Amino acid sequence: MIKVSIVGGSGYAGGELLRILLQHPKVHINQVTSRQFAGQPVSLVHPNLRKSTDICFISLDQLRKCDVLIIALPNGVSMGLMNRFKNLAGKIIDLGADFRLHNQVNFTRWYHTVHAYPELLSDFVYGISEVHREEIRKAKYVSCAGCEATVSILSLYPLVKNELIENEVIIDAKMSSSQAGMRASLSSHHPERSGVVRSYMPTGHRHTAEIEQELSGLKVGISATAIDMVRGLLVTIHAKPKKNVSEKDIWNAYRYVYGNEPFIRIVKEKSGLYRYPEPKILQGTNYCDIGFELDQHTNRLVIIGAIDNLVKGTAGQAVQAMNIMFGIPEALGLTFTGLHPI
Amino acid sequence: MIKVSIVGGSGYAGGELLRILLQHPKVHINQVTSRQFAGQPVSLVHPNLRKSTDICFISLDQLRKCDVLIIALPNGVSMGLMNRFKNLAGKIIDLGADFRLHNQVNFTRWYHTVHAYPELLSDFVYGISEVHREEIRKAKYVSCAGCEATVSILSLYPLVKNELIENEVIIDAKMSSSQAGMRASLSSHHPERSGVVRSYMPTGHRHTAEIEQELSGLKVGISATAIDMVRGLLVTIHAKPKKNVSEKDIWNAYRYVYGNEPFIRIVKEKSGLYRYPEPKILQGTNYCDIGFELDQHTNRLVIIGAIDNLVKGTAGQAVQAMNIMFGIPEALGLTFTGLHPI
Amino acid sequence: MIKVSIVGGSGYAGGELLRILLQHPKVHINQVTSRQFAGQPVSLVHPNLRKSTDICFISLDQLRKCDVLIIALPNGVSMGLMNRFKNLAGKIIDLGADFRLHNQVNFTRWYHTVHAYPELLSDFVYGISEVHREEIRKAKYVSCAGCEATVSILSLYPLVKNELIENEVIIDAKMSSSQAGMRASLSSHHPERSGVVRSYMPTGHRHTAEIEQELSGLKVGISATAIDMVRGLLVTIHAKPKKNVSEKDIWNAYRYVYGNEPFIRIVKEKSGLYRYPEPKILQGTNYCDIGFELDQHTNRLVIIGAIDNLVKGTAGQAVQAMNIMFGIPEALGLTFTGLHPI
Amino acid sequence: MIKVSIVGGSGYAGGELLRILLQHPKVHINQVTSRQFAGQPVSLVHPNLRKSTDICFISLDQLRKCDVLIIALPNGVSMGLMNRFKNLAGKIIDLGADFRLHNQVNFTRWYHTVHAYPELLSDFVYGISEVHREEIRKAKYVSCAGCEATVSILSLYPLVKNELIENEVIIDAKMSSSQAGMRASLSSHHPERSGVVRSYMPTGHRHTAEIEQELSGLKVGISATAIDMVRGLLVTIHAKPKKNVSEKDIWNAYRYVYGNEPFIRIVKEKSGLYRYPEPKILQGTNYCDIGFELDQHTNRLVIIGAIDNLVKGTAGQAVQAMNIMFGIPEALGLTFTGLHPI
């Protein structure tokens, strides 16, 4: 059994890690930290886990050695503690943004702060398994992608790799409230947040940096709109196909690159209600669903990608990477199919 | 492996049966019927099952012998076919209402129709495992309870059994849209159904009959209000405690009767956000959460029960009964813990 | 023109007062206070009022004399300031809970605090126009009812007045998030509050005191469940009809008492989707819709009442009382019919 | 008083016309037709109008002469009846799509049908008052714009007029369920429609034709995503600013063109929760809110527009045009400010 400890287990990402790992056949959850809730049962903040576990949160000081540390701390916190974490575990998976960018100048530009340990940036492999599987297999340290970056990169990767699109894309992202984390504020206050179609970030989204890093050469403009959804993320990507690119070329690119991927589904149906990707049926699953449509009128390629931001976009991505790092079957613990209707 | 066939697999109950049974370690899904979708893949109507299965629907005529038939037909349809089904499988689990009531007079009163084969009514065991486990173990034919009846009976059973409440209760039920099934109508049209707090059945709910049958001696008044929820069911039950009944007596009754039940959780917390049962964190799970509060001001006992109407209220209840009927561990296939946040 | 000033104008009740009074043909809004937003335009917190007004919030110190003060402060704040307010206006309408109860012992029991000026309690008329119209007409000081009390009292008043029901009722209330006001907390955090069916107060609701005061002799048990709704309130009231009370008797009571009321509608239809009261089509309106059904099975009378908690339950109720106090047509400013679909 | 009759009054547009016109100080509603509901009160299908009116639907045959006919029939129906309508009223306002396009070839291309009376196409003025006010003032026949076209045209018009953007734009539209009208189907069935982020029309939206007609020279690519919203519409428009266009140029264009418009608000705030346009606070109002942001990173101009699809996008637009046609104040009957919170 792999001994896993979770650092920062009281947030939504931490809760999903617990949910997944409690049913993972090859994992023993060693410890789970929470500054605020140390000493209390994890089910106090994750009520879905009642009767599934009696684990209580510990404080960071009580953290002992383990096989792998999975870190779900707020952005900016893990970088200062990383050297300490390295003494506790041979393998580390970080869910925060601190180690996603390889370039410290880039980091400063998008996060408006100086990185505490820029020399560590190059130690981390970017955690999307479909793109970096072989590196992850050998990695000691993995930094998982942001949720919005995950679905965008997965949607675009085969097209960029096969040079099917021009080098500028617009990503129109529809976002859920769990992406903002567990901290309450007026902007998340139910009467204000319910029913919104809120252009909370029409320009300047920080995940731009990750996407441009991973899809080298691409220029990315993100506009993010928050809608009335707790969990889930959909991107509508507007791209220009290169000259003479056909629908078949696009199909082929996706099939060739993703044909054997356990967690990618190409969704482009002629009938039924769910003809393109939809986040609602992905809740709790590790799938990334991808669809597309060519627009002759404007010579535009519309790509649609959907994930559960807390699973494929966060905790599930981490467990998938962990499975690869430990050489066990990649889908272990991640087989939940999702619910319908929901 | 148990060979299971599903009759009526294109509805919401059928979809949940498929979802659960596809991951059940001791089940092989033999066949799945649908009049409307015969020949088409089940994932056309159950898009969450894409990549999980290639099964296609068959017509009823193509149904072959199997170990157990699970029937998810509209109310009134299975009774006419039951003798035919008996030739196909030694064990049958019916999810509809046709065989829930033992008494044909009662059936006619609440369903406003004459039963086609009243002589078969006594062949069926009522399918709530927590109440009829030993009978189910020996049963050939099980009729699962209605979702609203399930949560009401489970919430009240220990209190009635231990004679802690007076013999009249009011059940104020908050209902979701999936309970009405898959047939579209103006009442389920999104602009009309969204945001409702609709008293669609203030009196006269048919599940009254089941509850009164199972909790003998109790008089039940149900008022059902549809709210903006796809999946889930909460009942607020207003009862009168018998003289001198204390909170401790109630705790003891629940603990004594449900102490070892895998799918019952008593939820009555002093802190946290989820202090009482809530259906939203039960989506996809087989749990029935039960809580209560004594009101000194009116000498009232308020009991709160929550389930996922499609799992513990339908498909999960059936699989739990099936596990018991076949002598395999009762929780097999039913271990999903639910999501938070959602 | 009536010169109105609003004390505490940045909350949801204050916003609704502004919305209604800005279009009231006989009102001039004099001043609007807010401790937190003094100096800023009211449209900063009430974005629906953009382009309708340029009024800015002032601090309490800047408040000048006016014809009527409408007070929308948090519970417990207005009582300490009431003597000061009396020097500023000859008429006062208080939306908070401080002056609703006539009896200070009762106040202490339900609000767990001692009233600062109990001698003022008898100065206030309880503000439901349908019950206290003549007193309001002569009143200097009016204290508006709590939203949950408003709909419950209006639903029960003709039945109690005509002695049609036994003296104990159960009120099962379905509540919206705006009732908890504008302060953000984890319990109102969108991922936690969205989709709930939360038994946040199964017993012990403070509005019990008001209802029992106004419907003398009645014993009231409230169970309040928060659902995923921003605005609106529905009560399902379970009562026992007295012996030989018929449906016609109940119709007659409602017609006799409410026949000429501009804001009461009896809703009990045989066809259509909206056969009973529903809060969603009342958003923004001053209506209280009331319906009922007799249950022969349990000898129970189910009464259903719905309002917009922020209008008939708060700001609209205040404006209706103000219109009466100033001898102008009672419906002025309150004629919005509500939206469908919504 | 202007005598108005409504043809096709039982749909959502018809209901909004009734709601607005019942409170319009210069309008008398003459007759309202409905094939399905002839003889029944309008409040049967528009329950918000209970107590506001006793009008009953009539059949089309019973339609008499009036001052203006407002037609809210399904697309494709009004063209065949138009000559008949012309005999009944000197002025006609059509809410459907039949007379929006001036060019019959264009009509056939986008509506896949031949126009029954192409010679009538040139009789109609396109009904967006902000763009065609002077023509509408003199018009006998007005064809109101599609809701998605309305908000897109209004958002782009000052930019195109002032030549501030390049001639290709992408419109990413977030749509509500009321846009699909009152006919129930599986795609509008609550369990399927609730919670969706459904790419129901990633390419090929028919409103493209209107937008390109009105904003001559522009090439438009629409991707429409249905979200869980009953009423409201938001477009995120991605455009390329021409060289050296500054934020100030854009501000100036909007201010110059829309400075005196009663129903346009430029929303671009530095603080508050509602910094950009949001449909939820526009429910029931005739506003079109417009905001924008320049993206230096991709040299992109993001324009955000929001309306209530049933008001500014349909019924309110018609009443605004009617007011202009009859030389009465343009905002009569359209002053509802919208609700917050909602």
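A, B, C and D are the chain letters, set down in written order, and residue numbers restart from 1 in every chain.
By definition in this document, a residue touches a chain if its C-beta (ideal position, glycine included) is under 8 Å from a C-beta of that chain, and two chains touch if they have at least 3 such contacts.
In this text, all values refer to a predicted model and were calculated from it rather than measured experimentally.
Asks: Which of the two pairs, A-B or B-C, is linked by more C-beta contacts?
Replies: Pair with the higher count of C-beta contacts: B-C.
Asks: Would you identify the chain whose Cα-based centre sits farthest away from the centre of chain B?
Replies: Centroid comparison gives D as the farthest chain from chain B.
Asks: Calculate how many whole Å lie between the centre of chain A and the centre of chain B, each centre taken as the average of the chain's C-alpha atoms.
Replies: Computed value for the inter-centroid distance: 35 Å.
Asks: Could you state the distance in Å from the CA-based centre of chain A to that of chain C?
Replies: Taking the average C-alpha coordinate of chain A and of chain C, the gap between them is 45 Å.
Asks: Could you state the distance in Å from the CA-based centre of chain B to that of chain C?
Replies: One centre to the other, that is 39 Å.
Asks: Scan chain D for residues touching two or more other chains and write them down.
Replies: 12, 178, 186, 191, 194-195, 228, 230-231, 273, 278, 341-342
Asks: Mind listing the chain D positions that touch chain B in their complex?
Replies: Contact set of chain D toward chain B: 12, 177-178, 182-186, 188-191, 193-195, 228, 230-231.
Asks: Applying the document's contact rule, which stretches of chain A touch chain D when the two form their complex?
Replies: 168, 170, 172, 174, 186-187, 191-192, 194-199, 202-204, 208, 219-221, 223, 225, 227-229, 232, 234, 236, 238, 273, 275-280, 291, 293-295, 297-298, 300, 302, 304, 306, 341-342
Asks: Spell out the part of chain C that touches chain D in their complex, as residue ranges.
Replies: 12, 15, 19, 22-23, 44-52, 178, 230-231, 265, 267, 271-274, 278, 281, 283-285, 287, 335-342
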